[in-house]
Amino acid sequence: MRILIATVQIPFIRGGAEIHAEGLRDALCRAGHEAEILAIPFKWYPPEKILDHILACRLLDVSEVAGTRVDRVIGLRFPAYLIPHPNKVLWILHQHRTAYELWDHALSDLVYYPNGSQVRDAIEEADRKLIPEARAVFTNSRNVAQRLRRFCDIESTPLYHPPPNAEKFYSASAEDYLFFPSRLCIPKRQELALEALAATRNPVRLSFAGTSDHPDYTAKLQSLARKLKLQKRVEWLGGISEEEKRSRYASALAVVYPPTDEDYGYVTLEAMLASKPVITCRDSGGPLEFVEDQATGLITDPTPDALAAAFDFVWENRDQAEGWGRAGRVRYENLNLSWDYVIKKLLA
Amino acid sequence: MKINWFCPLPPARTSVADDYLVGILPSLSQHSELTLWTDQNNWDRSLEKLAMVRRYEPERISWPELNHADVTFYNIGNNHLFHASIWQVSRRHPGIVVLHDSRVYNFFDSLYRGQWRDLEGYLAELKRYYGNEGLRAGTEFLSSGAVNIDFMTEHYPLTPLALENCLAVVVHTQEAFEQVEAMQYWPVVSAALPRALPPHRDGNDTVRSAIPPYRLIMFGYMGRNRRLDAVLEALVTLPERDSFQLDIFGEIPDERSLRRRIGKLGLGGLVQLHGYTHETELNKVLQTSHLAINLRYPTMGEASGSQLRIWYHALPSLVTDVGWYSSLSRDTVAHVRPEHEIADIQSYLQAFLKDPEPFAKMGQRGLRTLREQHDPDKYVQTILNLAANARQFTVRKSAYDLARRAGTIMGSWTSNAGKEPIRIAEKIHEICGR
Amino acid sequence: MNQPRLEIDDLAAVVRESMAAVQKNYHAPSSATQTVSSETAPPKLKLQPDFQPRVDHRYHINDLLRYHDRAFVQAAYRAVLKRSPDEPELLRGLKELRSGNVNKIDLLADLRLSPEGRAKKVQLDGLVFPALIRRLGQIPLFGYVVRLGIAFVRLPNLIRDQREFGSYVLSQHEQIADFINLTANRLTERLNTLAAEQKTIAEREGDVEKRQEDFESVAGTYFDDLKQRIDTLTRDTAKQLRALRFRIGDLADPELDALYVALEDRFRGTREEIKERFREYLPYVKEKARVIDLGCGRGEWLELLKENGIQAQGVDSNGLQVVQCCGRGLDVTEQDLLVYLKGMPDESAGAVTGFHIIEHLSFNALMALLNEVMRVLRPGGIVIFETPNPENIVVGSNYFYLDPTHRHPLPTDLMEFLFKNRGFEKIELLALHPWDSGRVAGEGELAERFNGYFYGPMDYAIVGRKVSA
């Protein structure tokens, strides 16, 4: 089949969404299809630009290319998933969040514009009307599916996929550190982890891997660490290679991942692949679909003290932690996370 | 339902605050979660029992707070002192406009020329809405005064500028309704101007003397359009003039020259100027008056809050036969023809002297009309219905914005419209239509 | 209005309006460059009034019947179907009307009864009866009779209509003729104006060129003048700057003048004593007019020279002493030594003397002084400096410092070296003013040496000559 993956790009910035799209394309190609990524540029400010982009997407015609039909379009992100096509399937990573669950959030930008509510209404209208055009609607995670139902009354099916290079993850004996791999930014809550670290009774060590979009933010985190007198216990690995990352996973005592309302989160799955327990929080979203409290990891309140208690627990109970890690791996196997399955559902 | 309500608040000296808002506030605040927004430095604190009051400046206002409500209403009228800030906010955050005057040329003249001293912007707006013709007239108005403001108000009312960016329009007169509807852009609804009436009000508790001199009353801001000169002229040449006494309550621009005129005409004993008077005082006087004179020419397309107040006191009144006043039933007011002002005024006064009964009945019928048609609850219901449908209006507006944007973009490379507009419109309809 | 419906037509209209609005702005710039703006263009010829659609969509057929031909077709569509006719519809309508087979009533009826017309529900009063008649008239055979009857009945009307039409056409022709004449006149006027304007522009151009030439020549003169002034200014400034720098080395403080006078009087000795001592130098300066005495102080040397008929001038920076000298009729200037010297032309002095001045100068100033002296002396000129002798230990450690403005003792070797270095020749060192009264009595080396170190000459003079230019 000739398949176009309709997604969005923010030029010069690369993240999980790009990896996801590429993973899908590669999997489709491996399965013998012709697949390509169709990325449209997206600028969401000032808010009226969003409407422009919606109209622009609706005006596009990808039913055929150079005389040959495009058999299927898989829409991943707003507003690219609004591009019309008779055989469209949606696998929604997330909607335009600042119009929905982030409307009231401190991180939202839309609510600060005078025409913010007008544009929000239009986005909701467009999603409601046009998402059901697709012959099937899938979402990246249960979290996203719940939001889609709550805000737009649209039913959808969660469809999980493996993290990139899943087969290359391995496990080794645990050393004396916790591992927190993630882009350094406010929603991932590295700051919370630092505050928790300062409250532990054991000399727990924590390694951060990942860079920030804003160099100021890295400096800010590091100065926070210094202020809390954690210099000796914290390691800032910065941007590391995939291989290095896997090795860090392998030797970690546990993986720390407490983001705010994450949609999916590869980190949880990578930790499970490396047979490591995961420490996460009740409001972290995506990870909660995979982590079982006291069985494959720990789920705590999003406060420094609660997290500190979790850190101390794994530090003191190494065997139990190891057991949880192995249970996590087993759980992963049972989830049937494979690209083959994904493709089967998307092309049905 | 959370509603933002931008409006002048008492003690602002405008009937929009005194009569209109005070009349509908109890009902409105009962049926919604209401926030009043004002740029005034002080307001009647008792309002805060009924609604939250928030202060703002047009350059400094909390957009997130506005965005959190379900819908915002903007009250816009001709007086730039009370409505300038409101209009400026309305241009940025779309909402439903309650248009108290449909001809708003005076508003923009005072704002652009008086407050902002932005003549370029002024002329640019005239050109934008009325083309080169409007630009020419505006230039003449500003420079040579060859064209006067009545002409400009008549031909270039600048209503669309007041409604720029709005979701829908509420008006209070049929005339304004037709004017807005003819522009075929915004949804518009007409609702009779509300006036609160305490229960059991039947007008029989007035203490009006039955012997001359009969009290004539005029009140409110005595601008040029109140026809004061015509009234004075009519009195001067009326042989029976000593049977009357005229009281004028309200701010008078250039009071001194008026007094001089009155003196010159020899009406000093007949005419009394009282200046601006407080509510309660004015009401007391209205109770003891016999005939109100509420002439307006030219009209700005407004419904008169003062007229409702006159009916509230079951007073007969003389009104000019234009605009909203024309639509008032003949048995509730006495119509004066604008081209025969003095003659008509005199004939009515003489008729009153001969037999005041029909006039008293006129007042009673006015009171009844007030009760039946100008009930604040009915008005508030209309407002709430609009608020409930706010989502539709915003989506509709998004569609129109997109249409304009598409047109602007296409217009940058072609003037040949062809079938494109329909195609684009169809696409927009896909996104926004229901 | 309850639920506002979103109509595609309305949206399309908005799109079109926005396109048009942009186009209007686009055309504006180009039209502004034309001299004939649209404002003064001749009015368009309109033989029929414009059609204004009514807001309430109620019409009487007479409203529409007064239009003819193209205007009628357009008005009919806009009234009945609320839209303009597109090209094919317009052409078809015109063709039918012009052929005479179809009349206006028929057209209106067709439009109104079409599916679109019925949907739009516009009210057309007065249409039914005439339409009906027309329909009757179209029935074959019977219709002919009906038409004939109708025509008969209407014959007087038809004739009147005909006459009316004739005069209408004539009046239209009149209008057209008038219009053409008017336009032609305006055109001619406009062309004349243009020609006149062109002439003015050409004249102005010539004017401008001439002015430019004038300007250039005047400007040239100004610039030259300016350049000169700047050069002079630069030179003067440089001079001043140099003078300033030197002054910094030796800042004179007028307040200390009086103190200095008192000091000298106290420690130097009386005028008479000093004058006696100066006699020694007379032979050196004989026939060496003019003599410049630097730092002439109380003027003893100058007085001596004057008494001996040798032309001399003095310079000192102490205002009080200068006044005293002038009071004695001596030619003394109040000035800084170096500034004074620098102001003298080359080779303009026969001798330069300076008694007890060089120990006041900074090293830089001393060097500069030597340079200037060399310059100012005529070939064969002589320079004499007297200064305390540091070989005398008591002088070098004590008496030298009685004058707080002395800097440091200048050894004879040093002065000799400097003189040589500056190009002076035939250098002499004179040992002066031994302290005989202080000598210790006794023979032997010790006494010898002791007296030599402690009571030997208290001052020395160094003499140099400028041999060649």
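Chains: A, B and C, in written order; residue numbering restarts at 1 for each.
Here, a contact is a pair of C-beta atoms (placed from the backbone, for glycine too) under 8 Å apart; a residue touches a chain by one contact, two chains touch by 3 or more.
Note that the structure is predicted; figures quoted are calculated from it, not measured.
Looking at the partners of chain A and chain C together, the chains they share are B. For the criterion of most C-beta pairs in contact, the winning chain pair is B-C. If you average the Cα atoms of chain A and of chain C, the two centres end up 59 Å apart. For the pair chain A and chain B, the distance between mean C-alpha positions equals 56 Å.
Residue positions of chain A with contacts to 2 or more other chains are absent. The set of chain B residues touching two or more other chains comprises 395, 405-406, 424, 428, 432.
Considering their complex, residues 48, 51-52, 54-55, 58-59, 104, 110-122, 125-126, 129-130 of chain A touch chain B. Looking at the complex, you find that chain C touches chain B at residues 1-4, 6, 8-23, 26, 38-39, 55. The residues of chain B lying in touch with chain A in their complex are 63-64, 66-68, 92-94, 391, 394-395, 397-398, 401-402, 405-406, 424, 427-428, 430-432.
Residue ranges of chain B in contact with chain C, taken from their complex: 132, 168, 178, 181-182, 184-185, 187-189, 385, 389, 392-393, 395-396, 399-400, 403-408, 410-412, 414-415, 417, 420-422, 424-426, 428-429, 432-434.
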